[in-house]
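One chain, subunit A, links the two complexes that follow: it is found with subunit B in the first and with subunit C in the second.
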Partner chain A sequence: MADPMRIRAQVSGDKATVRVLMSHEMESGQRKDAAGNTVPAWFIQEVTASLNGKVVLSADWGPAVSKNPFLQFTVKGAKAGDKLAVTWKDTKGETRTDEATVS
Partner chain B sequence: MQTRRDLLKRSAIVAGLLAGTGLFPQYALAYNKGAFEAKSVADVLKALGAGAPTESKEVTISGPDIAENGAVVPLTASTTIAGVKQMLILVEKNPAALVARYDVTDSVEANFATRSKMGQSSDVYAVAITADGKAFFAKKEVKVTLGGCGG
Partner chain C sequence: MLRSIVGAALLLLACTAPAVWAQKTAVQSIEEYRAMLQDGNPADLFEAKGEDLWKQQRGPKAATLERCDLGKGAGVVKGAFTELPRFFADTQRVQDLESRLLSCMETLQGFNAAEIAKTPFDKGEQKTLTALATWIAAESKGMKFNLSQAHPEERTFYEVGKRLFFQRAGPHDFACATCHGQDEKRIRLQDLPNLTKNPGDGVGFAAWPAYRVSNGQMWGMQQRLNDCYRQQRFPYPGFGSDATIALSVYLGVNSQGSVSVAPAIKR
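Here is the complex of A and B:
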């Protein structure tokens, strides 16, 4: 939640490879803390990415995605200068959006 | 006499059940809790309304043969099958098998990479589900030296 997502989108031909690194605890709900209590699950559930405002990717994640999640995908029809926005929503209902320009 | 509260609670449960069966169209589908709580690969596919999967050379799952750290295992799922609507990454022996589900639109390639937690050495699956509900998969064994679920 604290840090912005790091988004890198690089064009190659008519496609852009997008790499996103998000900052999130991604508690699976399986861990126990020092006192032996189960740490409650808290993880990103939904991720959407839009290119110039049009949704190009939507994903659902479970508790098994690693802490500080990494995501890589390839968008077709992207050009340098396009705006790529990535949004996530987690189990607490919190959400975050970050934007990057395709280069 | 039914109170308004009861009615709301009841319709929320029914909506949840309906969403779990996959009757709602993909974009309106709220987070599919049933699929993410399913324990086996077959149950996940049932929860998503897909048929039994067939192994296919056109689906690939890549990842390390041995993962040094089970908390962070890079996995990539991709397919060359046309008309794919969703791609899934599953870890068979995790407490909940489904790791991630990606909707494939015309604007993205069916090729997704992420990092996942693996509790123990297990088979990892990439599943491609087409518009008509057929599922195709590829699997790979990933050995884990240090479990990633905090155990």
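Here is the complex of A and C:
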């Protein structure tokens, strides 16, 4: 199973800044291994973030996103104590969801 | 006539001002890039993994590392990093963080230390060591280096490390000091700290373990030093070898009083 994400969500005014670190290889499918064989593509394709169960961000990612990606965004109207969940799904169909409390 | 000269001068000033403002040195640009990366340092991921591994029952003995003595007593993690390498009475060796962790994995958890030492970096249990080192270093973030030189072995290691630092050899007739023996040198766009003296807070010894953005790898000091030797076209001294620990003692003692920023982020 994939390693957990690190999610930080901090309120400033009527907005919250969310910082997410994901643990993923993000293989582009463009690299070759030592034997000259193509390393198959394996990357996060879908990312969604939800605040108290309501989707606030959804993104389609491609192979150009770096290994162990960092995502930062702001959510309007988030208050301390709200639950912020982030989910990703990769090209192997593997998925991971982590949740953090807005502070 | 005068008016036109003044006019031309003003015009010149207007043209050059924004050009000067826009022209940043390569070093400034790199610093900006680093500052942007600082906020999302993926070392955090390894830190979390390391903390988890410390408390997990692992190995043939299914034990945790919570009784591991990193120099400040069994299980004490905070402040241990900034006092390593040091002499350990139980192993009768000067050990750095990573070689000490390996000893603990052997004695407490029953792992085969020799086998792990031979494992290439970033593979198998070496990944475990790097994650543990990242977390333990992070627990001493912001603290000042204070390496002991009380034991005769520790002083010997310092002297050996100093010799190794200046020893020129290999097909390129290289030494550590070739790149790290003078102020304000750089290789391509990377600033090279002068490690023959205290390079200051968060530089050199005080910046590793670090996450390297360009290859997405987390590196401990052992990998850093072994790779320095690779760049000098030397053979790897080996994981936890006396040579790498002696160099660590030399660098660590030179960094006395400097603040550790590890785990850092590198280009």
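Keep this in mind: the second predicted complex is superposed on the first by the 101 of 103 C-alpha atoms of A that agree within 3 Å, B and C clash if a C-alpha of one lies under 4 Å from a C-alpha of the other, contacts with A are read in each partner's own complex, and residues count from 1 in each chain.
Keep this in mind: a residue touches a chain if its C-beta (ideal position, glycine included) is under 8 Å from a C-beta of that chain, and two chains touch if they have at least 3 such contacts.
No experiment lies behind these values; they were computed from the predicted model shown.
Participant: Between subunit B (first) and subunit C (second), which, if any, makes contact with A:S23: first, second, both or neither?
Facilitator: Touch status of A:S23: second partner only.
Participant: Kindly classify A:R31 by the partners it touches after superposition: subunit B alone (first), subunit C alone (second), both, or neither?
Facilitator: A:R31 sits against subunit B, while subunit C stays out of touch.
Participant: May I ask you to decide whether A:L57 touches subunit B, subunit C, both, or neither, giving the answer as first, second, both or neither?
Facilitator: Only subunit B is touched by A:L57; subunit C is not.
Participant: Once the shared chain is lined up, is A:T97 touching subunit B (first), subunit C (second), both, or neither of them?
Facilitator: It touches nothing on subunit B or subunit C.
Participant: Determine, under the contact definition given at the top, whether A:Q72 touches first (subunit B), second (subunit C), both, or neither.
Facilitator: It touches subunit B and subunit C both.
Participant: Which partner, once the models are overlaid, touches more of subunit A's residues, subunit C or subunit B?
Facilitator: B
Participant: If you stack the two complexes on chain A, which partner ends up touching A:Q10: first (subunit B), second (subunit C), both, or neither?
Facilitator: Touch status of A:Q10: no partner.
Participant: Once the complexes are superposed, what residues of subunit A are shared between the subunit B interface and the subunit C interface?
Facilitator: Residues 66-67, 70, 72, which sit in both footprints.
Participant: Using the touch definition from the top, list the residues of subunit B that touch subunit A in their complex.
Facilitator: Against subunit A, the touching part of subunit B is residues 27, 31-32, 35-36, 71-74, 76, 91, 94-96, 98-103, 105-109, 111-119, 148-151.
Participant: Give the list of subunit A residues in touch with subunit B in this complex.
Facilitator: Residues 15, 28, 30-32, 45-46, 51, 54-67, 69-77.
Participant: Provide the residue numbers of subunit C that touch subunit A in the complex, in ascending order.
Facilitator: So the residues of subunit C touching subunit A come out as 39-40, 42, 44-45, 48-49, 211, 213, 216.
Participant: Looking at the complex, which residues from subunit A come into contact with subunit C?
Facilitator: Those in contact with subunit C are residues 3-4, 6, 19, 21, 23, 26, 66-68, 70, 72.
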